[in-house]
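Across the two complexes that follow, chain A remains constant while its partner is chain B and subsequently chain C.
Moving on, here comes the complex of A and B:
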C-alpha cells in the first residue's frame, strides 16, 4: 500500500508523506535516547541540521555527489553529538536536558555566524537532488521512494538494536542505574552509545531533508524542530517504534491540515498535544492496543 | 583467601561509617554479618561492591586489588551483591531482568546482535538459557513474562537472588534477603541459600534474623558503629557480651541472662 501511494495520492498528500518519512528518522533516533534511556534531549533539531548542513556544503561547495555525502553527514553529526553531549549524557536527567538546550544554541550560533563555512543567514541554496546511477530523484514521487527506503531501513535497524543486548541495557539503566551497574552493565558507555545512535539517525534524516527541500537556513534547525521531534517521539507510544512513526504521521499531517486555522494553527496543535498527554500519557498507540486487547477479552468470554 | 579487606574506613561528612574494618572470607565459606541498624553492614557491602570508595584500607579479591575499580568491573570479576530494598528493573519482564545479568561476560557485541553474527547469536541464546535456569532455581518459571513490578513481594525477593545467580558469582553478598518475608518464605529462602552454597558459591549474608544466621553460618561477624566487634564461630559470637550490648544497649548481667532466655 505504501508503495502504491504515489500513484493514488494527490501531489499535496505525497508532499506531506515525504516530510513524515523524513521526520521518522530523527524521531526514531530520539527514541533511543528518550524512550529507551530516559534521557530527554532538546538538541535533536540541531543534530538534524548538522546532517543537513554537512551534505549541503559538501555538495554545493565541494562538488561531492549527494549520495557520497550520506556517510560523512552521519559521522559528522555523531562526532558533534558525542563531543558536545558525551559527558552530559552521563549526568542526571535534568542536567542533560539543560545541556542539550546548550548544544542546540551552540549549533545554531555556529550555523548563523561562521559565514565563510555555512553562508550564515543567507542559508545554502541550490542543493542538488540525490541521484542514483545517473538518475536524479527530483520530483515528489521520485523522492518518495528514496525516503520510504530510508524509513524502512531505519525502522528495521532500530528494531534490531532494541532487541539486541544494548536495548536490554538501556531499558535496565533507565529503570535503575545502580542496579544496572551491579549486573555489570557499563552504564556510561551504554548512554553514550544511545546518544551516538540518536545522532546517527538525526544525521541521516538531515541528509534526506536537505536534498528534498534543496534550500536550508539555520532557523530551520532551531529549538522548534527539537521540540517537535521530542513531542513526536514521546507522543507515539511508550518504547514503541511503531508508535513513534504513527505519531510522526499524525502530528505532521495535523500541522499541514490545520493550515485553514491560519494564525490559530499552533494553538489547535497545542490543544491536541495537551489532550493527548492528559488522556494518553503512554502514547496514542495505547488506543490501538487497548482496542485489540478488548476484542481479545470479548472473544475469550464468548 | 577469596576476599581480604584490611583496615577499611569510610566517613560521611565526619560521621564514621566504617572504622578500620578487617574482613577475610575464604573460598567456600558462608559467613553471616550481624549488627544493629546503622552499624555499617550495608555500608560495608557498598564498599566491597564498589558503590562507595573506602577512604583508607585495601580490598583484595581473588588476588587482585579491587578498591579502586568501578562497580561494573567488580561484578565482572565475580563479586556480586543483592540490595536490601529490592532494585529490580521494574518495567522489564522477570525473564528480561535475569537475561540482562546473564549477558555478563558473554562473547559478541550489540553490533553483532544487530547484524545477526553467529557468535553473538549463540551468546544471546546462551544467556536466555542461563536466565531460564536461574528463574527455575527460585521457582519463578511461570512468572517469566510478567513485569517485575507486578510480582508479589516475596517473589521480587527471589528474583533479586535469581538475577544475582545469573551473574555466576564467586562471592555473593546477600543484603537482608529475608526482610519482609513470612515464616514459610523464610524457610524456603534458607534452603535456597544453603543449596547455592553447596554448589560452591562463597556467600556473605547480612541478616537481622539471628536465628537464620546461626542456622546457616558457621562463622559470624558482628559490627557496631562501623567497627568489627566480634568475629568467630556463630555460637560464640552471639553470646559475646559486646554483641549483646550492641543489640540491647548497655545492660547489666541479669538482663543479658534474660535476653539469652
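Moving on, here comes the complex of A and C:
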C-alpha cells in the first residue's frame, strides 16, 4: 500500500508523506535515548541540522556527489553529539534536559554566526538532489521512494538493535540503573552508545531533509524542531517505535489541517502540545491500548 | 569603555536574574522547569505597555499593577493548566513549552511588529566617571535589589513565606503539619509569574518590545539559574549577574557574533562539572 501511494495520492499528500518519512528518522533516533535510557533530549533538532549542513556544504562547496555524503553526515553528527553530549549523558532526568538545551543553542548559534563556513543567516541554497546511477530523484514522487527506503531500513535496523544485546542493556539501564550495573552492564558506555545511535539517525534524517527541501537555514534547526521531535516521540508512547511513527504522521500532517486557522495556526499548535500533555501524558497509543484492555476485561467478566 | 560594558552587562544580568528567579521558585517547590517563563516575561512587557498607554501612572505603581495582574494569572494557570502536568518532568517540559507557544503567538496576533515602549523611567543619561548609563538601567538594578530584599523578607519573616519554604523542603511533611500545599504551589507560580512580568516592564523602555523577546532571555535566564544553582535564590541572582557581565565583556572584546554563546557554554560546562550550580546544594542523581 505504501508503495502505491504515489500513484493514488495527490501531490500535496505525497509532499507531507515525504516529511513524515524524513522525520521518522530523528524521532526513532530520539526513541533510543528517551525510551531506552530514560533520557529526554531537546537537542535532536540541532543534530538533525548538523546532518543537513554537513551534506549541504559538502555538495555545494566541495562538489561531492550527494549520495557520497551520507556517511560523512552521519559521522559528523555522531562526532558532534558525542563531543558535546558525551559527558552530559551521565546526568539523569531534568539535568540532562537542561544540558541538551545548552547543546541545542550552541549548535544553532554556531550555524547562525560561523558565516565563513555555514553562510550564516543566508542559509545554503541550491543543494543538489540525490542521484542514483545518474538518475536524479528530483520530483516529489521520486523522492518518496528514497525516503520510504530510508524509513524502512531505519525502522528494521532500529528493531534489530532493540532486540539485540545492546537493546537489552539499554532497557535494563532505563528500568533500574543500579540493578543494571550489578549484572555487569557497562552503564557509561551503553549510554554514550545510545546517544551516538540517536545522533546517527538524526544525521541520516538531516541528510534526507537537505536533499528534499534543497535550501536550509539555521532557523530550521532551532529549538522548535527539537520540541517537535520530542513531542512526536512522546505522543507515540515510550518504547513503541510504531507509536512514534504514528505520532509523527499525525503531528506532521497537523501543519496541513491547521491551515484553515490562518494566523491562529501556531496558537492551536501550542494548544495541541499543551492539551496533549495534560490529557495524554503517556502517548496517544495508550487510548487504543486502554480500549483493548477494557474490552478484554468485559470479556473476562462475561 | 570597560566600566560602561560592565555596568551594561550588570543591568542585563539583573534581568536574567529576576526572570531566572521564576525558574528557581518553581523548581525548588516542584522539581520542574517551567519553560513558559521567558514568554511570561514577554507577556509582562506587553501588559505594561498596554496599561501605560491607556492609564498614565508613575513607574512604581505600574510595576506593582503588572506584578499583581501577573500574580493572579500565574495562580489561575496553576489551577487550570500546570496542575495537570505534574505527571513527570518531560510532560511538564513539553506542556510548558506548548503554553509558551500559545502565549507568544497570542501576543503576535495583536502586535506582529516590534513596538517602542513608553519611557516610563525617564530618558536621562547619568554619568559615572567615564561611563554613561541610561537612567532606565539604574531602575533595572534598583528594582532588582528591591525585589530580592522583598522576597527575602517574605521568605524569612512571613507566615506565607515560611509555608512556601516548608513545601519546597518536603511537600508531604508540610501538608501533615497543616500547610495548605496546593495553595502554596499556586502562590509559588503566582510569584514566579509576577517577577518575570516585572522584569518585562523593566527591560521594556531600554529596547523595543516584540512577541519573540522572551525566547532568548528565557533560555539565558534558565542558564543563569542553573549556573548559580537552580534551587538556590542567591545562586540564581549571582548566576544572572555573572552571565550578564561576562556576555557583555565577551561581546565587547572578543566577538559580538558569539556573545549569545557565552550563557549556553557556561550552562553546559556547569552541568558537567557541578550540576547543582555554584551555590546549589541538592545532590542530583548522577552515576
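Here is the rule we go by: the second predicted complex is superposed on the first by the 283 of 302 C-alpha atoms of A that agree within 3 Å, B and C clash if a C-alpha of one lies under 4 Å from a C-alpha of the other, contacts with A are read in each partner's own complex, and residues count from 1 in each chain.
Operating definition for what follows: a contact is a pair of C-beta atoms (placed from the backbone, for glycine too) under 8 Å apart; a residue touches a chain by one contact, two chains touch by 3 or more.
Keep in mind that what you see is a predicted model, and the values were worked out from it rather than measured.
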| message | Looking at the superposed three-chain arrangement on chain A, would you call chain B and chain C a clash or a fit? | response | fit
| field | First (chain B), second (chain C), both or neither touched by A:187 | value | both
| remark: Rounded to the nearest 10, the angle in degrees at the CA centre of chain A toward chain B and chain C equals 80
| First, second, both or neither for A:67, with chain B first and chain C second | neither
| task | Check the residue A:95 against both partner chains and state whether it touches chain B (first), chain C (second), both, or neither. | result | second
| Which holds for A:109: it touches chain B only (first), chain C only (second), both, or neither? | second
| query | With both structures placed on chain A, which of the two partners, chain B or chain C, ends up touching more residues of chain A? | reply | C
| request: Figure out whether A:269 sits in contact with chain B (first) or chain C (second), or with both, or with neither. | output: second
| If you stack the two complexes on chain A, which partner ends up touching A:168: first (chain B), second (chain C), both, or neither? | first
| said: Contacts for A:84 in the overlay, against chain B (first) and chain C (second): which applies, first, second, both or neither? | reply: second
| said: After overlaying the two complexes, what is the shortest C-alpha distance between chain B and chain C, in Å? | reply: 10
| request: Pick out the shared contact residues on chain A: the ones touching chain B in one complex and chain C in the other. | output: 181, 187
| task | In the complex, go through chain B and note every residue touching chain A. | result | 49, 51, 70-72, 75-76, 80-81, 83, 87-92, 96-97, 99-101, 103-105, 108-110, 113-114, 116, 124, 127, 163, 166-167
| task | Please give the residue numbers of chain C that touch chain A in the complex, ascending. | result | 31-33, 81, 84-85, 87-95, 97-106, 108-109, 215, 219, 222-223, 226, 257-258, 260-261, 263-265, 267-268, 271-272, 275, 284-287
| request: In the complex, go through chain A and note every residue touching chain B. | output: 157, 160-161, 163-169, 171-172, 174-176, 178-187, 193
| remark: Given the complex, residues on chain A that touch chain C span 34, 40, 42, 84, 87-88, 90-95, 97-99, 101-103, 105-106, 109-110, 113, 115, 177, 181, 187-188, 223, 227, 230-231, 234, 263-264, 266-267, 269-279, 281
